[in-house]
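We just call them A, B, C and D in the order they show up, numbering each chain from 1.
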């Protein structure tokens, strides 16, 4: 499953970077992850409840940050297992400061599915990818605006 | 194949169904989307509320200028209805293209809309027809315009504790309509489904299934056509699906071809 | 839960799990093994039976949903030792080979002939959209259905009671 | 001898039970105390079992036992029945396919089993299997055969780093073929994939193992095409139990198409487990598992070149193919791309020089083995695609080009059989005649004009031709033995005449849709001159039938039927002795007809029933003759049989969408003598649908991780009634000269000729509209056809 997207976030790159490095925020914005628990440097135990139409399931696995480049980006490796199948996603996230208040976030990666998900989900897989992408950015925007509001 | 265990409850009225849904679980109508996914264990509700025998959900009638279809009407009920054929042939034509005969005999319009499969046929039909989805929840009844109903992949404006009770569709004299479908050869879902309603004054509404994460009205195409222009590109701004049977590029092409075929059919 | 389903003219009561599918109620509980399971996705039609006289896929229906209804399976298609015209047609035209899809095919075809007593080839093929056969290439199945349509008076086909053990159960909507 | 039944379309005797719901398939059988098995399978194409936690699963209600690879390590893997060595003589690599993958080892395809849960109900077995926690270490995987031989390809078996099972070459020496090709005026070159398809018998595989302690005897009910072969393989190679302690029953079987020939791990496991637990154990596959675990078919990546001289005569054929074996070698797998494929590359043509270079590789996919046609469809696809493409390239008429290159007619009696460049000697053939008849049915003259008109519209037309020859009646044991078969491929039959003259026939050929209960009885009744009602056929039970090699390779009537005829001959020979004694004449004075022996030129006769009674009440009886009238025979064929035919497809292509509609499918087949035309036509129809299915609809889609992404009928496209036209069939009869019935076999023909005909038709349509693709990847989905035009 190919995952890619670009989105302009209304925040300076420093702010976006801080949020990306914060496990609480990360858990809130990464679809298919609902909680993160630090187990090692940049490695987390990840849990999720996913519900997408006919598919629902609880996933557990881990999330790790690799290739960390301060304010430039990192690679996000999410491995999730469930009864209906497993997912293994490696996503490269890159930040580009547009101006003092805007940051462009680009990601590009691939999620490998196995089990029932791979076998029976083909028909809607691109829709799922699109939906996850949209969710990711919407979550980020929401987290940002929450953050801004709390600052105000 | 067997589903996970769940509790089966049968509701005899809308009120009872809504109160049962408030305790959790999913509504079971024809079950032709829900049960297959539960058998594959992709879905595991704790309870199913069978709404299949609620008399209020049945029946097709006219109410003023609106055709009112009970949400529990099966695809076959609608395909075979003399009233639907007369007043809104689009729905009869579209319903006849869903699944296979056994699916049409059990699957319901309400169940299909609630499931909101991006490749199902009903969503494009209700969108093009400007239908209103009437739902009942703990706080009573509300009406959702079809254009607000589909919110994403398998996602709708329907809350978990609400039940679709009927679909109201405006019917206007002199309108023409069609549903043109290119079926995925294995599942027979729409790779592209294009529904068009053309009013007597020539204004068209155009909706697609199968093309994007969610069914949609193509407002750009409508704007172009309604101002006498060529249709222009289909699915602008939509995230186009791709799968083993149709890449993004091919899907968009098919959508354009099927739009043209639909326009010819209502010319 | 307890269900009571009239199967092939006989009232059958049984305790089933809530999740029991109608096809397993028929096969495992009642040992009516003529109804088959060929897929997991409601695609193949091997499990087709009649529910209150209408063809349905019994793998996509809970036994609970059939509670109080009437079900006809392939075992109920012959009456008093006399074959249903479709059963005759399938034999006459070699409409079956391994026989696995056959009960579902016959049940689907019976539904078609009730609605459309003299179907065209196209109508027959369209009606079989939900039934997969791997043996016959469908050629002789189409001919078998045409044979049944040609060799039976339309009213006979339309009124399944003349041929099957279909029992019309007054559908009672349960109140309190 | 009278002839009342042979050649008649007798309605099938087996139908009554199927149309009334009384067929009895394995999953319909319920034994007292029967338990249910469900397998825990690998979700990955390649992954190491790091650990298995059974605790939660074992605690589930209803669970009786859970076995893992460590519990069954002592059981051998399922064996391969055919050995093909490397061209340099190195022995074929035969990795063990364990019953269950033990901890520390790797699963090698999605669906490879790691544990089995046995519980009181199927539901509780499924529920508990989900709680078996397997810790996996996912490893890189390879699924496509051409990728498997790349230098950095993930290894399927560590000990075979090149992923090769074996390589093989066949035909004329490559130097001779190269030399011939160098002189060619035109070479048609085609690279293509003969894609992997799933047999998809409608009845999923099902097994019940049952052990009886008092007799120390096992019974296995199995959805199989050959009960005796399963018994042989399971006893001798897997479980190591004596054959007389095992009864294998193949009850009604819902289609096979090859996929139920093989011995599968689940068969041995339920049998073994029934003894461990002391109760019968049933396993029934669901469709999803079937996609992952049934042996698949085809899967070749090929580069083929056919050379022609300036006049259009074929001068050489050069082929390089990589064939996918899957992760393990299934029962007959090595034979399929080699001796069932390479030997058919002569086709119907006089090609003087032929060479094939074959590399058979392991991949992280389920095993590939014989699927309807097995090797012959791949050979025919290759040849017939080349012929139509060559015609397009050279501006020749495809039918004319074939006529020019056909082997001239030979009957195998007056004229000798035809010796090919690739080992086989065809028995009899008349190839021009079937193509001529096909062209007549098509109305070829008018078609080209119609096509030219259509080319101006959005609905273009194309015609595709395919003429084929196949090798059936498998097989002469000595020949296949020399080629690596580890079994004989004869057949056995017993004809038991009861004292009242009624006849029970026991055949080793299993029937699972082919109609043996009718055709075999037609033969027996005719040969004995008695009513069909007096004859019954028994098959599918190793305890009642002496031996059998099963049903595949269009062999049942040619081999199994011939064994029956041999027994009948013995019956009649002995009967004549009894009759002569009773009629007080010499045997030579008797003739047998209409169910009685008559003294020639007199009206003195004795009926078959009287002779039978005499044989069992031998009061007045020839001295020294044994009582009874019951004979067994084994028949080992002298040669393969060689059916042939011509298939023609007409398609319409929607230029805007690429959608292909099959408008006509014409098939003229010569399967030798025909016992029951209705059944033969039915076999042809079914084969056509499968061949068309491969051309237009079917094919597995593996992603780069070896995941099968279309493992259900929602995504794997099976041909349906509204995808197909009525078939137009005709027949020619060139009897087989070397078996007593003169039959050649009809089971696979339809699937062999039709695939290239359909693809050729689509290519032809596109060329008619100015597009000139050489190939479109099968299945020809709308998008692929549209791409070829844009």
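What we mean here is this: contacts are C-beta pairs under 8 Å (C-beta built on N, C-alpha and C of every residue); 3 or more make two chains touch, one makes a residue touch a chain.
As the structure is a prediction and not an experimental result, all values here were calculated from the model.
Undergrad: For this structure, I'd like the pair of chains sharing the most C-beta contacts.
TA: C-D
Undergrad: Would you mind pulling out the distance in Å between where the CA atoms of subunit C average out and where those of subunit D do?
TA: The mean C-alpha positions of subunit C and subunit D differ by 31 Å.
Undergrad: From the mean C-alpha coordinate of subunit B to that of subunit C, what's the distance rounded to whole Å?
TA: Computed value for the inter-centroid distance: 28 Å.
Undergrad: Go ahead and note the Å separation of the Cα centroids belonging to subunit A and subunit C.
TA: Each chain's C-alpha centroid was found; their separation is 49 Å.
Undergrad: Suppose each chain is reduced to the average of its Cα coordinates; what separation in Å results between subunit B and subunit D?
TA: 44
Undergrad: Name the residues of subunit C that each touch 2 or more other chains.
TA: Residues 17, 19, 37, 40-41, 43, 129, 131 of subunit C touch two or more partner chains.
Undergrad: Residues of subunit A that contact two or more other chains, please.
TA: Counting only residues that touch two or more other chains, subunit A contributes 83, 116, 120, 122-123.
Undergrad: Out of subunit B, which residues touch more than one other chain, so two or more?
TA: 1-2, 4-5, 36, 40-41, 186-187, 244
Undergrad: Run through the chains and report each pair that touches.
TA: A-B, A-D, B-C, B-D, C-D
Undergrad: In their complex, what parts of subunit D are in touch with subunit A?
TA: 43-44, 110, 130, 138, 288, 291-292, 701, 703, 705, 707-712, 714-715
Undergrad: Could you pull out which subunit A residues touch subunit D in their complex?
TA: Counting only subunit A, the residues touching subunit D are 83, 85-86, 88, 112-116, 118-120, 122-123.
Undergrad: Can you name the residues of subunit B that touch subunit A in the complex?
TA: 33-34, 36-37, 40-44, 115-119, 152-155, 184, 187, 189, 212-213, 239-244, 248
Undergrad: Using the touch rule from the top, collect the residues of subunit A that touch subunit B in their complex.
TA: Interface residues on the subunit A side: 52-57, 83-84, 116, 120, 122-128, 130-131, 134.
Undergrad: Which subunit D residues qualify as touching subunit B in the complex?
TA: The contact residues of subunit D facing subunit B are 122-123, 126-127, 130, 286, 288, 656-657, 659, 697, 701, 709-710, 713-718, 723, 781-783, 786-787.
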